[in-house]
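Questions regarding the structure given below will be posed in turn.
Naming follows writing order (A, B, C, D and E), and every chain is counted from residue 1.
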Amino acid sequence: MLYREAGEFKTSYAQDSQTFPIWWDRLWYQVALVVGFLVLPFFMTDYWANAVFVPFLIYAIAAIGLNILTGYCGQVSLGTGGFMAVGAYAVYKLMTSFPEVSIVIHVILAGGITAAVGVLFGLPSLRIKGFYLAVATLAAQFFLVWLFNKVPWFYNYSASGQITAPERTLFGIAVTGANTPAWAKYLFCAVFLFALAWIARNLTRGTIGRKWMAIRDMDIAAEIIGVNPLAAKLSAFAVSSFFIGIAGALFFAVYLGAAEVGEAFGIQKSFLILFMIIIGGLGSIFGSFAGAAFLVLLPVFLKNVLVGGLGWPSDLAAHIELMILGGLIIGFLILEPHGLAQLWRVLKEKLRLWPFPH
Amino acid sequence: MFDERPPAATETLLEVNNIEVIYNHVILVLKGVSLHVPKGGITALLGGNGAGKTTTLKAISNLLQSERGEVTKGSILYRGERVQDLDPATLVRRGVIQVMEGRHCFEHLTVEENLLTGAYTRTDGRAAIMDDLEMVYTYFPRLRERRKSQAGYTSGGEQQMVAMGRALMSRPEMILLDEPSMGLAPQLVEQIFEIVRAVNEGEGVTFLLAEQNTNVALRYAHTGYILESGRVVMEGSAQELRENPDVKEFYLGMSDKGRKSFRDVRSYRRRKRWLA
Amino acid sequence: MNAMDIEAAPAAADAPRIGGVLMEMRNITLRFGGVKAITDISFDIREGEIRAIIGPNGAGKSSMLNVISGFYVPQEGEVWFKGKRRPQMKPYEVAQQGIARTFQNIALFEGMSVLDNIMTGRLTLMKTGLWSQALWWGRAQAEEVEHRAKVEKIIDFLEIQHIRKTPVGRLPYGLKKRVELARALATEPKLLLLDEPMAGMNVEEKEDMCRFILDTNDEFGTTICLIEHDMGVVMDLSDRVVVMDYGKKIGDGTPDEVRSNQAVIEAYLGVQHD
Amino acid sequence: DLVVPNLSYRTGPFAAGGIPYADGFQDYFTLLNERDGGIGGEKVLTPECETAYNTEKGVECYEATKGQGALVYNPLSTGITYQLIPKMQADGITLYTPGYGRTSAANGKVFEWVFNYPANYWDAASVAVKYLLDENGGSLEGKKIALLYHNSAYGKEPIRTLEELSEKHGFELSMLPIDSPGQEQKSQWLQVRREKPDFVVFYGWGVMNSVAIQEAANIRFPMENFIGIWWSGSENDVIPAGAGANGYKSLTMHGVGSDYPVYADLKQYVHDAGKAAGDGSNVGTVLYSRGMYAAMVIAEAIRKAQELAGTSAVNAAQVRDGFEALEITEARMEELGLPDFGQPFAASCEDHGGPGMARIQQWDANERKWTLISDWIAPDDEVLTPLVMEDSAAYAKEAGLTERCN
Amino acid sequence: MLPDQLLFAMEVTLNGLMAGVMYALVALGFVLIFKASGIFNYAQGVLALFAALTLVGLQNGQIPFAHLINATFGTKLHHFGWTLPSVVAIALTALVMVGLAYLIERLVLKHLVNQEPIILFMATIGLAYFLEGLGDVMWGADIKKLDVGLPQGISESIESVTDAWFGYGFFIDKLDVVAALVAAALVAALTLFSQYTKYGRALRAVADDHQAALSVGISLRFVWVLVWSIAGFVALIAGIMWGTKSGVQFSLSLIALKALPVLMLGGFTSIPGAIVGGLIIGMGEKLFEFFAGPLIGGATENWFAYVLALLFLVFRPQGLFGERIIERV
């Protein structure tokens, strides 16, 4: 047997509710941490950082954020791009207004500001449900993008409305701006992701997480057993937006370095992140990681295969890439509607039973 | 009330041979179930929660696929033909219709529209359908009163009637009836079973009904099967079953001294013999 | 009474089980558009008793529970609880007052495990804030463990240990009902409303369920109001019965009184079989 | 080999513009390779990378290609340009953005690695106003000009310039933003109907162009008073409006049509040899010519770099020097088979922006072709230079750069 | 004579209503599919694009997949060399849409019976990607002119009539007038179909409960092919209108975003709602842009449409004409 839990006994409730109750899982998790923090940084090149790892880390944060709202609390949102923009513009204003304050604080504050905005746009969720709410969140998406495009104060009155991240350092090493070494970008985002994923895990396994899930699964019943729907939904909007705001801040400050709101934080972004969580698995933190990895890696991979490997013209490759991506999304949904995370769980269940089929 | 009736016919209409059903590729639910449903009879499928009654019915009506379940072994023959690979619509056209557990009304359609959807596969003209609608309304007067309300807003019992009526509207040869008594007032339970009997006798419709309410079911059925954890543990004519001491104790709630009070069952019971 | 403690001694055996009026419905009328679901109904529930509501389908029984839960707002009438007139409340506020319930068409949280479902019952009792939870420090973890212990007792009580970690979606119907009861019990209710707790069960399971209901009532002194169609159960379990028909009250009294009430027989019971 | 990555977009909302441009860009280098054996004997490689006009994909393309020894980038997207400016400055690779990108990059003192000659967005706005001045006897006093623009960084660029110019020349300026992609412009054109501006200056890209021209025709706005920037003046933009587009004007920074000697070579060495980048249907169109023009300037800069460095295998830093020392004369253009195609210019350490001249072309719907109707018009540097200085100084401050060339 | 400002406002209102009709054409397709299968079909916009691309391609005798074939075999194909009359091309395109509906059912929906709405929604997004790529590979990504002979440009008759009445000739696009007529006819036909025919009832039944529909013998496959075919046909009409207006290329698919607020306001399940929603949204956003736009910087239409819809929703969470959301325990 490759994977088993036999022989593991829990002697306390705390032990029983830990994140990785099975020893094997715990091992994998620790290996991943060691590789992520102690090995990868030494091998980080500009290409890998900018094309794969940094976007992956940042999208994973955003995906966890959206997963809290959509996967855990059941409120489908298409305003993610707009909320990321709030984070980006908040961090930009903070960075340029208070250059002496640490960038870490700016990023966290940007998350806080986004949380406040998120709560504001979450208010209608009390009355509006399902797809109606999803479409309603588009109001946030379009309004926020318009706002940042229209009000020059947000982009410090620059001629084109573009914002550019100034260089900021942490422990003497640049983490934003063009001179940032690849490993620093990577580590900076990785630390945020780790901390946020850990917080997300804590929240979702505790009281508040249960409130969210109760609302998701059956809001009326949840209310009747004593969950205040307003508080639960708004807290989900707040926490989710906090995560998404941080993702937006990092996306602009660390990853892109310069951004234009409509282009970097348009509706496409909202959809992309929604894809991530659905493909990864709604209501699963692991799923957020898996979904982000999948959707960041897949296009890069396809491009390399089709253009680099098969030598197709880049436009044809791009079109076919779209078809493949679309096809894969459908394929995955048919194969396992509950995402990569569920696929993984089924696999584990099979492994546990292995070599017996049932 | 226990009028003893001989089984109406001996020809087998539906035959289920040793089927196995697996959900989600991993959960094995039916572990070899075989049934013979005689034409023109009422066959009861009894058993506790999770025994696999619903699963059996769905396997027959081919509704399993949509629940990620599949029949992995065995065969299902209807009038001697394999029907496993047909889609549910074809099966309805051939005369087998299921009334699902939990009613499953079309919430946004009115009661009358719900009933009319039952006639979807029929091609015998509007007049005939209207006649049958009238018939259903005669069976269930309550539905006539609520014909214009959205089904989603009707009470549980009303919904059960809608579901039954809807099935009748398809003029079936065989009805798979899943827990018709669930949540119904006693009078209505009687009424529904009376209707089952009336339809069975009057129109010659064969019934395979899954029931928890063993008491009523065995009163109306001709034959019965008892299912436990995905296996048939007992079968026989309704009368045989009714008189079996185990059935009496576990399914009818009777002890030697007649019906036990629910207040007295608090102290402990022995386990079923066949589960040993 | 926040004494869900299993070890705590049950109410003194010799004290009368049934106390004063706990909840009183006065002249409740509820309409949906043209449909009159409840017409001018009054009845009371005494502390510690098992009160049954029966009636034909569509009589308005579930609607009555919904009124008590605060989910439906009656057009007329008053609800009195613990001797005070209850102002209009949101359902979650009602729950916080100590009224718990189960639902006719099981309303469990399908995406969660049995344990988590029952833990949701404790939500109103858990107090740690967002920060502490986010960091999983101090209070949060301690509280979690504390409540988990209480929930485990309920799990033991209802004999569902083996399915603790199973997602409820996969459970058979009867167990789901039991989990729902567990969730309601987890809120440590003063008044427990059960909407057809035994529908869809076979005799054996009904017996189990009856035992749980009686034990709950006995051991914790929880007041219970239940809707049920199985007359055997109603007659055996309840102290008093309200009978509704077409939104009106047609009978109220002890099981024996109700059983012999001609109006009730006509409207509901029909001919007796056993 | 010399590597000049071609960050193109043949997909996405702006593919219609991206395709001919990329074809022209690619074909010109193919011509050099086939006819001359490359530049100074070194073959030119143009690995193509699809950006779909999307900044993130642009960054990915940049990272993917820069390791191959890339010498210069020309991403044809203002958004991607903004993204790349700091990165390329850090990596020491030249960014060449003719007619688009960050206008204030014209200031070589701040933007060491960016070149945007011969003309930029602000030049365009100024040239358009100058042209209108000429048309109106030297005065725009009391006239109304509406700026209809793509509501993005690109479209917003000319606003400052036009504001300054409106003050200087006394015309009234109104602003009509259109959100990308711009298929619905009813409101804007109703606004035009209401305000009755004398002229509409247009900064559009993609479908927005053809829809605007169609709508202008629909409301019977006089086409000769409707002037687009060079990104709103291709065949794609006018053909859909059919006869209604007749008389529409746009700026251009290079010649039009395929009557230049270079096309004979292109046909012989590239198209007939089956080496063309696209299906050949775009040859001679406005955007094809522009792609070719950009390639030509890059090739010339590389040639210059080879000359300066004394080696044919130049590196990125040497190419930058080539750009900075580049001088394109009329004689040279003639040699290249493009007589009078573009304006002559000479770069310097301070000046990365060129003279900024442009000509006006007008669409003839019957002939289905563009005709040049003006000579080169110079922008109003008196107004532009301070703006460039101000904006570049702001950037220098933000990015912590010190001025060079002193 | 009326004051200028009022006249302008009237003109804007009229044009807003017309624009709303154009949105409604797209929204209709959404409604149909949602009503019949509970699927929120994000691909509706792409469907319109695909239909328009196919129409233009057929009309001009383009060789499908020419680019792909050329790239793989080094050939130089592009056109067959014939052109088709519009009517024939439209009929053929309609057939293609039916075929597409069949394939979608076969390859996608069939495998997703009984899944949660969000999963189905996702699947349609996958479908949108796929079709977009397919459309591009088949017909190329360049911008194409679509001309099926619909009139376009200012309607002189309306202009002269209103000029005579008000002293100011209103601007109305002829194309919009045609669109309005077509939309009215479509709405009437579809409403009757869904409310009063057996198939219409089946569509609604499927929307409510897949399993129950199966159990009464409604073939999901048939219903879905039917409804996707109709939606494909509606998409074709929307594609023709929008393609004539703004050319056929990628951005055409983004009209879906203009249809969403319409849908939300009218209700996801109401066919007349799509039209009324369209009218309100079109008029609202144009008037807002006209009056408030100049004050706050313009380009407000995108978000204002959504905010307007949101405001309505707060008072009627199921949209103006949407079915009541059944909330019971």
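Note that a residue touches a chain if its C-beta (ideal position, glycine included) is under 8 Å from a C-beta of that chain, and two chains touch if they have at least 3 such contacts.
Everything quoted here is computed from the prediction, not taken from an experiment.
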Chain-touch separation of chain A and chain E, in steps, is 1
Top of the farthest list for chain C, CA-centroid basis, is D
Check: interface with higher C-beta contact count, A-B vs D-E, is D-E
Taking each chain's mean CA coordinate, chain B and chain D are separated, in whole Å, by 75
Per the C-alpha centroid definition, the whole-Å distance linking chain A and chain D comes out as 37
Dist(centroid_CA(chain B), centroid_CA(chain E)) in Å evaluates to 45
Distance between the CA centroids of chain B and chain C (whole Å) is 30
So chain B residues touching two or more other chains come to 27, 153
Where chain A touches two or more other chains simultaneously, the residues are 149, 220-221, 224, 313, 315, 319, 322
Going by residue number, chain E touches two or more other chains at 67, 136, 141, 297, 299, 302, 329
Per the touch rule, the chain A residues reaching chain B in their complex are 346, 349-350, 353, 358
Chain E residues touching chain B in their complex are 113-114, 198, 201-202, 204-205, 207-222, 269, 323-324, 326, 328
The residues of chain A that touch chain C in their complex are 12-14, 16-17, 199, 202-203, 206-208, 210-211, 213-214, 216-218, 220-229, 235, 239, 283
In the complex, the residues of chain B that touch chain E are 61, 63, 65-67, 87-89, 91-93, 97-100, 104-109, 113-114, 116-118, 120-121, 150, 152-153, 166-167, 170
Within the complex, chain E is touched by chain A residues 76, 124, 127-132, 134-136, 138-139, 142-143, 145-146, 149-151, 220-221, 224, 267, 271, 274-275, 278-279, 282, 312-313, 315-316, 319-330, 333-334, 337
